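Below, chain A partners chain B and then partners chain C, in two separate complexes.
Entry: the complex of A and B
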């Protein structure tokens, strides 16, 4: 729709919203890397053991991502695993960005993720192998997990819509409820789901033990025996579908209208309460689907006592969404990027004299900077706007005052309703 | 009249130099635009000087220059005849320049006194010393007749009081040049009268007032001199006593503007809207916001509900349109069908159009493009939807058609973000949308709020046109001029009740004022029983 617009009215390259989003994300990433480097640098400066050159080497390793693995085969293997671990992150990123589009902050992705994991594992491990084809079990497990996430997401949506309870609070509560429910369910059924002989302590059996695993279509072999399976493709398709849904359908139009301006949506006769619930339910389903895809890979361990910590991948959906400016297709890339840095970081401790906490710190800094992407986008936008001019409010024909000189267009600072422009006087617009 | 620059009559530096602030030949350019082109503004000590111009004429830019937010390319600013440089608002404050913004800059949960001392809190060793400040505020409040309770919380006081708090803020800081930026836009007629008195009082005490406005009546009433800007150019400065309202508007708009609305007598047809015993609970107090209101609006007539803001008009409209719930026992009949319990969508698709009171809150999704806003109530119709997908080509076509028909202007046509459009064009877009939708009833709430003269003329023409096409129009307005000019029948609402019905040809503004203020009320026609409070 935006593209069609530009055929008629030329918008300067840097004013295109998509370009601005990309630029702002890049600035965030660069900023994060710079600060990350400074951390390395000063650690090297203040430490007797670490020469300063190590800081540059560290940055290089973080930047090289999977390439830090060394020989080609290892790089391929690492790449495959990077893509595989990006899969659930893409889904939680999509979850968060969908909610953002509707004006909601889905900080409940970890809880929804846990419920998805639980649902899929319960089904995948409890239907006896051979009683039905494995792909049926796989599908049932995926659907069950997703459905549980839908329910889990709908809870904050319901409270928001009906009682106007802040969704953040309810999300945080449902996160910990989910953590305890999941722990409790698996604790009560340890006999069935944990095979002490086969698995590490505190971990649920892998679904492959019941013959259930995601099809790989040779992707695992292609990437030198990594975990990669077809889920990365499923996830990418979901992202594209979500993009189309948001931008081309009446449903997406309604969701976004509710997000931008709930009152106007109500005025226009949209059922804004229903839309809020649907949006949260869908967001929950997305996060849970990501978890189910992860678990159903077949080779993954799931730690049953989750009451101790919420899964990071749920929270990391937030920076993935922010870096992508909530664009579903861009989420694919932002999530992969976050995993890329993570992968590079994981080699840092082994290859340099920095300890294993340093890469985590650098990643945290980059994620932190991701939060600024909207700020930077607004800044770019404001700068761009100063140079543009809104059209005059009304036609004025110059019949009274004869000389038809070239009248100056309307000044930009006047009358444009954007508060950032004229109310800067008190510096109160942030 | 055009481009006649006035030069100081006396050389600067003399003792009785008459001008307290002068902005001489100010030119401010933005890339591609000259926002202020050789503008001169001279403010005499103790005068009320109006700055008149349409939206986009350059008033705000000029004031931003005065406050040091922009540096002009050409021209200089003189204080008491001496040239000064103003680099930021703090410099302006130091020169004694203060401003009441159109949207107040107050902390809602602070008291009036706390707001006044905010930023210059009197203290010893970091502990607040409010006693002295309180005394000074009370004294100022009394001597200028401002009547503000320093201990009231800002969120609890009326808009008029909040504005007086802003005035007190300037007085407390001992500013001598007071700028009022469209101060009456948010006020009720009564409060406007009070403000005019206050401004005259301030001027009499030797304060110099710069009054930014595009409301001619107010300028005629209160200002001594008036500087007119048009499209960034200086048109002229006149003594208000020497000119008429028509002269000023011609200077401002560049052509003669009709103040009276051209319309033929109404020919009312069948009843379109019937409201029976409508009661709406108030969110603010225990009494009902609207209590037991019954009225009818017929096809081909404009019925106007007049009243001072906050007397239940907003709640009344919200109940009719469905944004708020009506109490049991209320009945709303649209085209013969009881729609009391129907959804907003149902009403929208069954003959009701609604120009909302607040275009940013309800009327537009500001982050949507113009074309997306144009189909806000119609995106689901067959014309614009195909198996769940929006047909953006059709939307675009329709938007372009409306833009053309209603002359909606924006930077990038149909794909302009609504947020980046000017207020007048935003309102035009809403009006285009609501009038082009199939409707039998138009509910228009303050449709000209915040618009300039040319725009108001346009809106009025459109409303009359839809009436003549056979629609019923329910108009809610706070502007008595609009009420008198536009309506075929006037109902006055006071404290949630209809207290009188008038024919605009037979009544006067003064008579309406008495009813609006609650001083008089007609007995109810039906049943004949007086509804005592």
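Entry: the complex of A and C
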């Protein structure tokens, strides 16, 4: 124990994994914003009808997020909707990050999301109003949706564990299968589910038409009549639970062990196949639960004929997870951050010559930089090493490229995640 | 039937060439999950080139030449775009899946952004151009229409130049990667880069070659997709074609022959759906037989109608087939050993 405390003291500020995660996330965000700005800038330079000042205004609007809405009431309303749309994104982000922890790449979140939406809508709209209390229908719908997602997520897990087929491929295939199955189910039951009453035939009926909607506890009033409901709180609790599961339970430890080294986990007596399947199933359940929560809000239009396009919120779970270094609690903040610049971007088209694709571009660049996190971490490690121990036996020579201008560590920045997990403390395998 | 085969070829070509693209990257040791994004980017570059070059009346009347030029531009920009992936994966040793995902997000964002700023709309159309004589819709068709018999019709009637070019490129590159010294070296870097390095092969260079060829092919494939299957409309998506190509590459066991078979099979199944959607398909023999069998039974008939007279069913066929085949062939499947692992000189 004492030994441990000693080693902890020695770790310099830049070498703490949590600090490193935050720094690398911040560098990614700054890099993304910079590149996004450069694109705007060059667009303005090369285009005759766009003045260069437009680029600065564009960046300002993206950065101001909901504040771009104008008057305080609108800002509050936009804030509420931003938080509400962040809800499913947090869930898909959690889904992707859980799979990442087990060493799997869950690109199947869109399919799981669709299955979750389908399951919850089918139940919420087909149990007649009044036959049982609305909250029972709500719960049943949520559970059905989540369960369908669990099944859908288990398919890639099963293929990976049983046949050793790359999970990315199976995820992609199941995405498109889900898209067609969902369209097919709703197509076959159009009369019952499609929103014919409001002549929105591309969409499913709102669940409020059957009296089912998520409790708001006044959150919608608080945010000036936005869609916000209690789901954001549910989701946050799920994130915390996931964090606890991953870091404080044996099961979580096993999942992470599989992620670090499948063979070592197997050697240590863990059932790595079962873990892979469980991890994918849980991931599917999370994404589907996000979809169900979104649909059960009551006011949302779900586009049913999805066979040609997959929902973006599923894919955007990947950036949310990466930006948070797969830390479940940090996912909450990264998802809200993504929605924040998305919200800002939605005002771009009205106010400038640019358009709503700018945030997407910034996010893409952020993810590109997120790939460098190992590089950044190595860099920080090298820097820390040089400071505390002048000459370790295996020191790397080329430390010359460490410039003095390091981004100042500011944990107080907008999305400071909880300390990232340290490697399991009580499980040295033999 | 002839129509079906024609369509099969049109669908299979982008898949064929993009799956080959994936093979080149993975055989050199880099997982190229960015195929989809590179396709989108290449298609966009080709389409925008077509739109701008069409301002010159010479190109409006010389469609074939324009088609070829745009194709080259698409391939070149695909190669340039893939350098982003190579740089992060080879020089910075970043996670290749993350880098690829970033490119997949980046490509639609940047193409849609530019398209909207320049043209105030979400898509770029290159199929139609008005020359002096009026509309000119058959952009890129090899003009060999005429009496050619069944075989001739499948291959030449209203065929696109890209089809022949893709076949030629496919054969050439397949021979190249198996029969030349550089090809062998490239493959060695995907199996055991340290061993390759020990005999003096520049692993980084080989991997750059692999991903750049991959990028060029994916750009080509993206352009071929947009110009043929998507009727000349580039709108920031290739309908997941790049991911499907990735699936076909695995299905084809990272080998050209398997890829050719897989893409033809998938193309055929996929165009079953399309032809059905356009109600051009005649009931197959088996279907007729089933129809007769079930004609007397109400319930079965309803079930039959619900399943077989539904486009979603045909849409599902290719995906489900590939999934099932993957399950059965996975035992024999063998990925390049070192794919996805950043090259580390010290790890011998």
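The rule we apply is simple: the second predicted complex is superposed on the first by the 342 of 430 C-alpha atoms of A that agree within 3 Å, B and C clash if a C-alpha of one lies under 4 Å from a C-alpha of the other, contacts with A are read in each partner's own complex, and residues count from 1 in each chain.
Keep this in mind: contacts are C-beta pairs under 8 Å (C-beta built on N, C-alpha and C of every residue); 3 or more make two chains touch, one makes a residue touch a chain.
The shown structure was predicted, so the numbers you read here are calculated from the model rather than taken from an experiment.
A.B. asks: So, A:251: does it touch chain B (first), chain C (second), both, or neither?
C.D. replies: First partner only, chain B.
A.B. asks: Which holds for A:163: it touches chain B only (first), chain C only (second), both, or neither?
C.D. replies: second
A.B. asks: Looking at the overlay, what does A:322 touch: chain B (first), chain C (second), both, or neither?
C.D. replies: The second partner, chain C, only.
A.B. asks: In the superposed arrangement, does A:180 touch chain B (first), chain C (second), both or neither?
C.D. replies: Second partner only, chain C.
A.B. asks: Is A:361 in contact with chain B, with chain C, with both, or with neither (first, second, both, neither)?
C.D. replies: Only chain C is touched by A:361; chain B is not.
A.B. asks: Of the two partner chains, chain B (first) and chain C (second), which one does A:260 touch, if any: first, second, both, or neither?
C.D. replies: first
A.B. asks: Applying the touch criterion given at the start, work out whether A:269 contacts chain B, chain C, both or neither, answering first, second, both or neither.
C.D. replies: In the superposition, A:269 touches chain B alone.
A.B. asks: State whether A:139 touches chain B only (first), chain C only (second), both chains, or neither.
C.D. replies: It touches nothing on chain B or chain C.
A.B. asks: Touching chain B and also chain C: which chain A residues?
C.D. replies: Shared contact residues on chain A (touching chain B in one complex, chain C in the other): none at all.
A.B. asks: Under the definition above, what is the set of chain C residues touching chain A in their complex?
C.D. replies: Checking each residue of chain C against chain A gives 33, 84, 88, 92-95, 97-99, 101-103, 105-106, 108-110, 112-114, 116-118, 237, 239-240, 243-244, 246-247, 250, 306, 310, 312-313, 315-316, 319-320, 322-323, 326-327, 330-331, 333, 335.
A.B. asks: Taking the touch rule as given, give the residues of chain A at its contact with chain B in the complex, in rising order.
C.D. replies: The contact residues of chain A facing chain B are 1-2, 4-5, 8-9, 11, 248-251, 253-254, 256-257, 260-261, 263-271, 385-401, 403, 407-418, 422-426, 428.
A.B. asks: Using the touch definition up top, name the residues of chain A that touch chain C in the complex.
C.D. replies: 39, 43, 47, 50, 105, 107, 159, 163-166, 168-170, 172-177, 180-181, 183-184, 187-188, 307-310, 315, 318-319, 322, 353-355, 357-358, 360-361, 363-365, 367-368, 370-372, 374-375
A.B. asks: Can you tell me which positions in chain B touch chain A when the two form their complex?
C.D. replies: Going by the criterion above, the answer is residues 1-2, 28, 30-37, 54-61, 64, 67, 69-70, 89, 99, 101, 103, 105, 230-233, 250, 253-256, 321, 323, 343-349, 354, 356, 360-369, 372, 376-377, 379-380, 385, 388-390, 392-393, 396, 407, 409-415, 419-426, 452, 454-455, 458.
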